[in-house]
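My structure is below; once you've seen it, I'll send some questions.
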Amino acid sequence: MTYCILIIITTLITVLLIPFLDSKQKGNVAVLGVLINSIISSVIAIQVLLGQTFEYSFYGGFIFGSIILKVDALSAWFILLMNFTSITAILYGVQYLKVYQNQRARLSMHYGSFLLNHFAMIGIYFLHNLLAFLCVWELMAISAFLLVIFEHHKMETIKAGMNYLIQSHVSVVFIMLGIIWVSFNTGSFVFSAISQYSLSVSNPISFLLFLCFFAGFAIKAGFVPFHTWLPHAHPAAPAHISGLMSGVIIKLGIYGILRMLLLINANFLIIGIFILIISVISGVYGVMLAILQHNLKRLLAYHSIENIGIIGIGIGIGCIGKGIGNDFLQFAGFAGALLHTLNHSLFKSLLFYAAGTVYQAVHTVQIEQLGGLIKKMPHTAILFLIGSLAICGLPPFNGFVSEFLIYSGLFGAINNNQLSFTILIISSIFGLVLIGGLALFCFTKAFGIVFLGTARNHHPHNYEEPGTATLFPKYMIVVFILVIGLLPQLFIRVINGPVSMFQDESGLNQSLPKLINTMQMVSLASTAILIFAFGVYFIKKQFTRKAVINFSPTWGCGYDVVSPKLQYTAGSYARSFEKLVKPIINIHKHEGRINTIVPHPVGFASHVSDKIETNLISTPIMHLRGFVGKFTFLQNGSVQFYVLYGVVFILIAITIPFLINSAFFIFELFKQL
Amino acid sequence: MTNILLIAFTISLIYIGMANRLYTYISAIAFQGVILFGVAFIELIEINTLNLILVLLETIVFKTILIPMFLNYVIKRNKITREAEPFLTNFVSVVIITGIILGSFLMSNTIHDTHLRKIFFVVALSALFTGLYIIITRRKIITHVMGFLVIENGVFILSLAVGNEMPMLVNIGILLDIFVSVLLLGIFVNKIGDVLKEQDVSQLRNLKD
Amino acid sequence: MINALCLLLILISSLFFSGIVIRTKSVFSGRKGPGIFLPIKDIWRLLRKGSVYSETSSFVFQIAPSIYLASVLMAILFIPFGNIPGLISFNGDFVFFAYVLALGKFFSIIGALDTGSSFEGMGASREALYSMLVEPAFFILMGSFALFTGHTSFAEIFATLHFGSYISYAIGVLATFVLVIIAMVENSRMPVDDPKTHLELTMVHEVMILDNSGFDLGLILHTTNLKFAMYGAIIANFFLTPNYEWYYSVPIFIGAQFLFAVVVGTIESFEARFRMNHNPQFIFMLTSISLLIFMGVLLMLGKII
Amino acid sequence: MIGIYLVISLVIASMLYFFRNKTVSNILLSCFIIVQWALTIHAYNNLEIVQWVYFMPDSISVILLIVLSIIAIPAFFHSTIYFTKHPYSPREEGMYYAAMVILLAALSAAYLSNHIAITWIFVELTTLSASALIYHRRNLKTLEGTWKYVFVCSISITLVFIGILFLTIAIQQEGFKDLTYKSLLADAPVLSVFWLKLAFLFIFTGFTAKAGLVPMYTAGIDAKDKAPYPAAALFSSVLMNVGFLGIFRFYEIISRTSILPWANKIMMISGILSIFVATVYMLRVKNIKRMMAYSSVEHMGIVVLGLAAGGVGYFAAILHIVLHSLAKPAMFFQFGQIYRIYGSKSVYDVGNYFKYNITGAIVLLLAFFIITGMPPSGLFISEFMVFRSLFEAGNLWLLIIVLLLLTIIIWAFGKNVFKMLFINPIGFNDDNIEKIHPSESISQFVLFALVIYLGLNPPDMLVNLINASIINLPH
């Protein structure tokens, strides 16, 4: 309990302190606050993972009833990964915001809301009271919104922020409906009330309840078709916030879904299939759109959707495993999902930070204008490369481990006695592979075009590699990425805690040793790759010590006027893919034609728009506004009308019953005839 | 006797409906005042004299003499055109007012109430809605005031219907009557007359969304 | 130590492979053709040459070929030999196998992009697209084997893989076909790509390595051979059933490799290269075939009657 | 006590009008505050004790009275600021203060009266004083606003009177005479349904003008727009409450009878329509004051819905009224500062407030989150309870519609608020803009803190009062 009070006090003090400090100190204080809170909460989490229990309950007043503070293995896991990314985010953020030294008010708001955000997220993982949960949930959303609109002098930033705010409010609405539903039937706000209720009702009902909560959390997590806020919010936010959002905040949705899976006991088979399908769709759709983006951060945002899809696949097969009582499938599924949650938060934040560094160096994240950054910013380039390899799920990096877990779950379960699942599983394997391949396509493009070759348009001023302070948090992440990639068995052990919460006692942990063995082999193999690579390179070095090395322009097939314009662009790189997917994705082209004898300069531009967003969000809202707009005659400024409204109201209220009665009378008359 | 008076009152409503010129309205309102005096006298004969006097003062002095004069004064002072300028033609107005009367009559028939004398109810209701109707369909602000006065008369009749047990309500009604009329006309004469020359509501339509 | 046998054999057969292919082609085109060892000699010569690097390229360009080779070597470690598992073998190792190849591909692609040449970018784009399209086929194939045998590692799968009924033979043939084509695509040979073409615009793999020279080029060329040999080994494993002793299986293995090389040669001499925009559907066709295999397996297991 | 109070406030008002001197008026105002609080405390200590025949403090009236006494202080405070910043002739100033005092006194009396006719009289009085406040800035626009307000309110007050007459008819049939709420509650079950229906219809419609609900909300908007912002703050809080009180008291009576479901339907329709109208104009208006006025309409709609839904909704409705009438004035006070900086009420002219007045910007930000009822705002709790009551009453569709409309409102509101806060205004030269001292925002912060505290953890006193005030409603 004292821990929690400590956290609250720290947050209050820091938030109140920050506005009165000068710009440098603001940052340091914010770092300090985040560190303290992280350490405290992490201590609790680690204790819990080591087997202690953390549960307090106190009376929260007339409205809330009893509030339970509880950390179990699941929330402990999430707390840890949340803290890590928050720390890296603030560390990097302080450096990132150095440019804005002179705008003190802005910085105060930013750091203040960062601390609030961190605090709210801790609260989300601690609280087991639905109403209180909702409050901190919205607090988190609001503070995240304030973080996103840091560059609030731009209209599009505000637009994106509003979009995010409204959608997260919609998610709150869904969750609130669920809470009302439960509290109406049980009269209590504690989490366990949900399981009570779902025990008391039939499966379809509790599935509906689950859907209600799922919709709420899916908006936060960014499952298709609830993903539309991500591609707007991420590019608008400053880099460290994009990293935070994509690394941690959307994971809150995952946490919520997992929590609900623990509480609601519906037919897990149905739930699993539902989640699996929606996740495969999210994954494929996300990466498909990602390839066609020309804005680096937007591309990464779509990749978040894809990775959420992968996590969802893990959860889905976990549920199916629970449903059909396949212990291995269940373990692999949930373990894969949880591990991928961690992994994604690592490499995605790394990628966003790198993108941020690029932005600060050359003031654009338009892929088509970049190129050749590796020359001047080798560190950033390597970091981005590692991130890309990890996100493509290539060994020996961490992304592979979690995907491997999911794969082995799928392949392990392929041989079950229901045909439908076999089909389902093979199709989700297909989806997963497709996602992998597309991700590779996408990140070869991203890395290759942004960092390799030469600059595609003349970068105005001479930029350079940022200092150690900026690189340090990224290398922190890299260390973790490599550790997970090379020593997965350790993490499997850790993850056993939260995963076993999903398993019923019966089939507990036969699959753990099995997986640990496999993981040892995986780590062996991963190490082997590194050894091979270095070995070959070493041999090469030895072999070509005496060989003559000379440099010349790139071979232009005889055309020896080297110009950056000759390079392959991102658009042309994606062209071959674009042709394949044209039927399912809106691609708008603006093409200038040469129609005079003396050709004038013409341009070509293409951008892709999110079909789901257009059909699901924009169009309905347009119609709604149209409908609402029809009623603007009401306040038309003439007193007669104002009086008329009253008269009409009274008359209608008087006459309607009469009319209804007479209608009934006539109806009766006809009946008698 | 009361009934005859009340019927006369109803006729005056229809008369207002077909009237064209503002002076006709004013005279009609004055006429209604007289009728109200009669009705009040008959109805409230048995209540204590103080109340009675108050009521009679109100009907005769205020409703019949002061307000019409006041209206005349306003019309002259602000050089308001003498036409009522309704949105709808008088024919329609007459039809609708008749409809109102008919409707309130029908409605009163649904009441199974020995206690209340329906005629009061009918007249009051029709006066109310006629007044509202006038407010809604006439263009001039002063006609709004007139419509309001008609409503007030209706309320007065209704309060008479219950008043013989509860004089307090009648007094309150009178209070309202005097109070509001003074307020409205006060604003009217002092301000609107100064600011706006032609009493067209359309000039008071700046506040809107 | 016997596990290393397969590795050894693959390494050996990789030396001959392209030689055999070339010789086959020349025979079909009525020429005498070069010696079997010519390609290897070329590679050896390249290895000792100096190299020219593009000025636009960075260190990525220099490390890429090494990692490419390393990835293939790594992949080879997984290949079993009959009932003898590879050096590394665990459940789901073919996932690792596929992903480690993808790693190599990633580096070869960014290596190509590093030169900033439009041709190499084009080649890279095509390569990425094709490997993306070809991966599902491989996974579904392995999935159906996993379903068939109930195991999820190369070694166990091939150890327990045995053909009984007619369907199974059909499946075997189909699987072999798919693997052969996968090998062709992965090594960008006919009919997807023509290594002998001289127009950069129509190349896939060759255009990616335009700027590689000397040692790197050698590495890349030999990596291709290794890949061929590797796929050959996988195909060979269909025919190495557990009940043979190793002195039977080694000749079978060699024979299979040889046959595979000849087949490749034959295809290359009688098949014309597709138009570029026909390639995707052709490659995707593999996926559908492997789905057919999957259905066949379901039939065999009596899940669909 | 109430008698003394009325007399004193009348005296104070007249003195305010005649002694036109800053210090004197300040002293007088503080005196009035003291008297006001004295009345409040006295009322709280003598619950359910009839004084002066026609007045009896009960729980609901005490709650509203406390709210009024709280709001009165910052209202006067900001009025003084208003007069230091915008010079007006002492006469006008005196007029303004006198009218405001009368308004507050009339409101207090209207709250406390236990006789339906007396309530009616004092409500009438509020119309008068309010119109004086609206017409404070003497120009055509304010004149129009005043005219409309007076006219519509007179009509509606007449409707109320007619309703009372019908009620009288109803009770006369049963041979009762007494029109106090207590006896009405007692008699309600036996009264004739027909007359009660008519009475309810007229009284409800009449009071909507004050409460700012469909159908008669219209004039209130203009009033809040045209009145000086401290007065507007009062209009959108305590003045609306008196309308609500009128409805609530009669609803109590109705709730004893068989026509309760019918009345609920009427109120639900009115409530949902109010929210809808608010949505329509939130999307449209660019005048900040009107925007806030419409948001008040929306909140009253929510309140009425809660009342109509019943169950936990009763509690929620009262709580919502309290919280809203604490939160909304704060926003109006904030508006005063905005107006001083930009000299305009239009969203188009206001912008980048964050740069020019950071404290005020924070207030505005808070105001947005609190008034749109996002947790941890207290209004969220009351809204949550209202939604829950709707759910319990089985109006799931209604609930969904309401949620949708509220979301649209948040969007529309937010769009404007954030434009004001962050986006640079066009053609606004920021040299020689006045620096606003943060101390002027303290009252807003206090009010917001109050809203959050009362919402998240209402003290037992409040809870008991609310429970006591809904004791007459069916459970």
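Each chain carries a letter (A, B, C and D) given by its place in the written order, and its residues are counted from 1.
Keep this in mind: a residue touches a chain if its C-beta (ideal position, glycine included) is under 8 Å from a C-beta of that chain, and two chains touch if they have at least 3 such contacts.
The model shown is predicted, which means the values in this text are computed figures rather than measured ones.
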item: Any chain in contact with chain A as well as chain C; value: none
item: Leader among chain pairs (count of C-beta contacts); value: A-C
item: Far-end chain from chain C, centres as C-alpha averages; value: B
item: Centre-of-Cα separation between chain D and chain C, whole angstrom; value: 79
item: Rounded Å distance between chain A and chain B, as computed from the means of their C-alpha atoms; value: 69
item: Between chain B and chain D, centroid-to-centroid distance (C-alpha), Å; value: 32
item: Between chain C and chain B, distance of the C-alpha-averaged centres to the nearest whole Å; value: 101
item: Where chain B touches two or more other chains, by residue; value: 132, 135, 144, 204, 206-207, 209
item: Where chain C touches two or more other chains at once, by residue number; value: none
item: Multi-partner residues of chain A (each touching 2 or more other chains); value: 632, 635, 639, 641, 643, 654
item: Pairs of chains, among all present, that meet the touch criterion; value: A-B, A-C, A-D, B-D
item: Residues on chain D engaged by chain B in the complex (per definition of touch); value: 117, 120-121, 124, 128, 131, 135, 140-141, 143-148, 150-151, 154-155, 157-158, 161-162, 164-165, 168-169, 172-173, 177, 192, 194, 221-222, 225-226, 281, 284-285, 287, 290
item: Chain D to chain A touching residues, read off their complex; value: 147-148, 151-152, 155-156, 159, 198, 201-202, 205, 208-209, 214-216, 218-219, 221, 262, 266, 270, 276-277, 279-281, 283-284, 352, 354-355, 358, 369, 374-376, 380-381, 384, 387-388, 391-392, 403, 407-408, 410-411, 414-415, 418-419, 421-424, 455-458, 460, 463
item: Complex contact set, residues of chain A against chain D; value: 60-64, 105, 131, 134-135, 137-139, 142, 149, 152-153, 155, 158, 161-162, 165-166, 169-170, 172-173, 176-177, 180-181, 183-184, 624-625, 628-629, 631-632, 634-635, 639, 641-643, 645-646, 648-650, 653-654, 657
item: Chain C-facing residues of chain A, complex; value: 371-372, 374-375, 378, 381, 385, 389, 392-395, 400, 403-404, 407-408, 411-412, 414-415, 419, 422, 426, 429-430, 433-434, 436-438, 440-441, 443-445, 447-449, 452-454, 514, 517-518, 521-522, 524-525, 528-529, 532-533, 535-537, 540, 543-544, 547-557, 562, 564, 566-568, 572-577, 579-580
item: Chain A contact footprint on chain C (complex, rising order); value: 47-60, 63, 66-67, 69-71, 73-74, 77, 88-93, 95-96, 99-100, 102-103, 105-106, 109-110, 113-122, 124-126, 128-129, 131-133, 135-136, 139-140, 142-144, 146-147, 150, 152, 200, 210-211, 214-216, 219, 277, 280, 287, 294, 298, 303-304
